[in-house]
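Labels for the chains are A, B, C, D, E and F, by order of writing; each one numbers its residues from 1.
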């Protein structure tokens, strides 16, 4: 695909790698915030090609992984109700709640459907006027415009049997929370390019400043990731800590003003729990009062749902790079990709899952 | 089974047959009104063992066969509605309406269920409060008490998602209609024992009197049928025309007073169309006003349903013994048990179906 | 009896644009579907695909090969489960060709939400039945379908067996004069399953007759008799089995009703529901067409086998009324035992 | 790389008391279900029942025997239908044992309400595929299930073929040093089906690769090479096929990512939906493990066959990291190609 | 019309205010509504149609009918067989 | 997070008052909501996430970035390879 293949060119990648090696004089710990970048790093083996001592810490930027247990449990409770069609992005179906996952709820008879887009869920609502259609509106700032427009359309078109179970999370507060952690080892960030395609880059310079870390906005192809690493290490080696945009083809400084305006109309900032990490103040979006009637938590009383996170799971520490997955006593024993206890074992790019896959590689 | 096996004894049957032969001096045409007796006659080959010239004309006493096309079409229309559970006795499922049958409606997604008893349908209504449960309440006087009590219970227990699609028919008006037919060949009747178990025998003497025909109330086992034939022929040979009860073990003269009282409360007399015959005045029951809200025709507006009976079908004449099935041009060509046009081809004991089965027997 | 000049066979499948339940009843609608839609679709690659069990030659061996899909509801019933049914049914289809069954395959279609414990009970029943029948389950497949796109466990077994030289057991070999034998009483399986069917539940002591019959067939062959036809009267019961044989061989069959072994519990359940016991399924019975001079030997061999203790002669194959099965009633009349159309329905009339 | 002392295999099937979709995905959950529930249920009658295709001896012949259930939705997709899929799939399972496929059976489970015209199209596709593959559809069965207890047509085909003496093609024969070959490009079937899947519809020119592969196998055998393993990478794709072989033979596999032939249309669709093309199903491809000194001959023979024109070497079987498949990335790193767990899900992340 | 069969009352109960009975039909047992034969007692035979007892079976009358058939048969033997 | 891919606009339409586009992703085509990039024209490249265009792809910028990578590679060659 054009603009993907070019930014995967192995020769240019090797050239960038050589420059990273040339620039690196000591160990550095960088975090790619975004799960998509984690995926790219593992998929292409980039971490294995970095200079010894340059460590990539996988951040909490997988929307599937960080959706709090309590919200998953609410999703399971709503999906199990008779008459409900519960729609979700595919990768949410295998995420375990306290007891089971959406696959199991579906296997017990619930009508759970995988859709490509929230607009597909709205179409299902229109086609099934006698059913309640709920879309599981998770995601970071990238996905929020899609969910926002969908609920906006539902209101505009009067599709009242549609609602959104919202669990949006925001990147900048997460970066703050990571940096505020007493044992934080992160020295520089790769910021998530597609989040910035929507939001722009203006939120990051103050974070670079406050915490003294370079933040490089970058993309997802190997060259993008490598260039992000190169720029971050170059800054670190030079003692700088600035916000830089290494993904200008997709990220204008102002992001997408139309989308930001819609977001401001549909969503408002709220505290949000992150799975395995805990509550981060002001780190999420919920529907504004104007859209309250389309809020699935409001429409279906799920206030009684209580989540019990596994006492064994140390994914919060893993996410912050404080421990390695195999230092968790549950790892590979009671916690596996098939029976995950924590967020980081759920998704294939989660740190624990990645370690699990590599566990047998002759080192 | 006790009281079935004893009344099927072959030795006693042959003895009764010999007495029939002994008593018969000329041809007689008898009608067994009841489809159950038709079934028994064919099942045991009784018609083949009667004296030459004694002809059994199969009457319109199969509730499945005579249910009018318009009611079947209403049943199909109601069953096809979303949210409806349509319950029926098994043998109604294959009866064709103008276009299709309940099997085909079910194959298109309707929830059509076979039940043993109308009470089972009421149980389904109780178990599915969010669905409309409709029972196809067909039958003669024998079945009417069951349907009556079921709708009575629904009212008493407040099960408001239950309704009855009623098409009850009555034997005495049918006997009158047959005898009033200008070309009528029937000289004596076997009356339906189980109808009389409910209604008693008091309606028949006036018919015997008015039309000058013997009427013998009898049962369904070979000895019962043979005894009915024997008594009818004996009367005919002697020039008598009386109503006699040859089934006293199941038929008290007053029938079942408790049942008759319930019937009077739940049902009222109405004109009723008989499939292939036409409308017979006062030959049916419908729900009284007290039970109107449990009337499926009332609950589901099916007034627009119009039935188109096949122009080819001559089942009315067949039923009255005026023509033989193979004299119908459609017989065996466009009308077969698998693709029946008329009532008498629908049920395995219908006259046309019976002829179809025998068509290949070396005469 | 009746003049039937101008008789025409009704156009098959006419006016039925969709699959309906009756297409699976093992009667005339099932047969039409296979004959007029499935086999024509196969074209030159089919040809013999109508057969319940094919006898083919491969690598110099004479093989029997068969398949059957099992969708029985409920999956567990008095006397058995879908698991032993699927093993015994396929073993029996091989046995009806005179084959020694050797290897079975099993393909599962599982509905989401099916308790794994149920699947475990089924596979254990399959293992036990296979061990009892002396066959091995050598290959398989498993698929999962969504909730509401299945019903618990559907199970398709296929089987391979070896047919000895000289054994030619086929429906078309039914010949006028043949004795018609049955290996035991009728209707137990169908009544057992019906008694647990949702909406019809009744209490009964009748249990399914499910059993592997290849040992019985071996005992019959060991008499040296030239068995013409063997058939397991499953879906559609004895009525369907005999009508199929009569139609295939263009012979008539005459039964003596008094000799048809219908156990009391089956007769009673059929009375109650208005069913014909001759149309009720059996899963551990066979019907045999045997030369009349060999019938007594074969009957004796059957009766000496555990699965043939109730064997008896029930009728005769005749040249008259080809394609038609007729029973002489206890009263001395005759009635036509016709091919069931679709599936059996409880009657009120 | 990581210390994994104290590692324990997770208890199979733990905490999953019901069948879920993943049990049918052809990945680890499917394998667990077979290994830890179905086969143990069979007891002594099973044993080799894990096999996709069994090689057995019957009547002096060496036979291959296999079965597969097809529940694909939609039933018609670019490049084929459930009908040709069911014929080719079973032909291929036989071919992967080095057998010459001869006879097929077909058992239908039809949902009430399925248009007979659809069934007709399916049987015609089966006939055409069987004719093309030179096999005969010799026996079958048809069942009907209620509306909402099925989904159109489910079709189980079983197949019997003959294996020549000396041919020993089995997963456990994979040996360190073997060249790993693929017969053509990857992922066409899965993408074609996904493109018509309700809720995911997209326009694409990618069509299913469904094809019978026994002719290709015959051409490979005709080189005289000692083929160690053949496998059709169907459900779970190349990832599942190689992981299964690696696990069975206790060998490692090393792929060179650059050599994996993923056509543009497949790569693009996978990018869009976040799928891994190595986990996407193929229905007309085989992967072969061949002695390194014979690899060139075999590759040449493959390329000369119409279904092998895109054949190429994609990797090597190694003694290191037994049970594990690793790919060298274009950048020079490595990544683990792990066994898919359940079925593939479109990702947003 | 109206398939109705004789069965023997095994046990009587009341469900939702309605008298019910377990009825034995030669081994097969079904629950039957007794609303129309409310005083039926265990051991008695009932005529049952679609789950309802519609009438009591008069055993004495049944015996008399059968006796009558037998008597007619004996009489007939005296007068010789008919064709 | 946030799998988003570049695609080329083939055709634009309006559905229910919302601008939509058929977008080509190297052969694969999907309908995409243009609400957030309403002035996108056929031939332009968009960044698409879960059925929505979230941003225009700046082709000029992409070319410049690639040129820069190439230039850095050439520079590096001048200075010799790193380990």
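Here is the rule we go by: a residue touches a chain if its C-beta (ideal position, glycine included) is under 8 Å from a C-beta of that chain, and two chains touch if they have at least 3 such contacts.
Keep in mind that this is a model prediction, so the values were computed, not measured.
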Discussion item. Show me the overlap between the contact partners of subunit D and those of subunit F.
Written reply: A
Worksheet item: Counting only C-alpha atoms to place each centre, which chain is farthest from subunit F?
Response: E
Practice prompt. Report the inter-chain centroid distance for subunit E and subunit F in whole angstrom, where each centroid is the mean of the CA atoms.
Written response: 84
Worksheet, complete the sentence: Separation of the C-alpha centres, subunit A versus subunit E, in whole Å, is 74
Worksheet item: In whole angstrom, what separates the CA-based centres of subunit A and subunit D?
Response: 34
Item to complete: Could you please state the distance in Å, as a whole number, between where the Cα atoms of subunit A are centred and where those of subunit F are centred?
Response: 21
Fill in: subunit C: positions in contact with at least two other chains
16, 18-22, 112-113, 146, 148, 264, 267-268, 271, 274, 347-349
Worksheet, complete the sentence: subunit F touches at least 2 other chains through residues 1-3, 5, 25-26, 30, 49-50
Fill in: subunit A: positions in contact with at least two other chains
1, 4, 35-36, 62-63, 89, 103, 106-108, 116, 120, 139, 143
Item to complete: Spell out the residues on subunit A that touch subunit D in their complex, using ranges where they run on.
Response: 1, 4, 8, 10, 13-14, 17, 35-36, 39, 42-49, 62-64, 89-91, 93-94, 103-104, 106-108, 113-116, 120, 139, 143, 222, 324, 326, 332-334, 336-339, 347, 349, 355, 357-363
Fill in: subunit E residues within the subunit C interface of the complex
1-3, 5, 25-30, 49-50
Worksheet, complete the sentence: subunit A partner, complex, touching residues on subunit D are 1-4, 6-8, 10, 14-16, 18-22, 28-29, 199-200, 258, 264, 267-268, 271, 273-274, 320-321, 323-324, 326, 328-336, 338, 341-342, 345-349
Worksheet item: Tell me, which parts of subunit E touch subunit B in their complex?
Response: 1-8, 16-18, 25-26, 30, 33, 35-38, 45, 47, 49-52, 54-55, 57-59, 61-62, 64-66, 69-70, 72-73, 76, 79, 81-83
Worksheet item: Okay, in this complex, where on subunit C does subunit E touch?
Response: 195, 202-206, 264-265, 267-269, 271-272, 274, 347-349
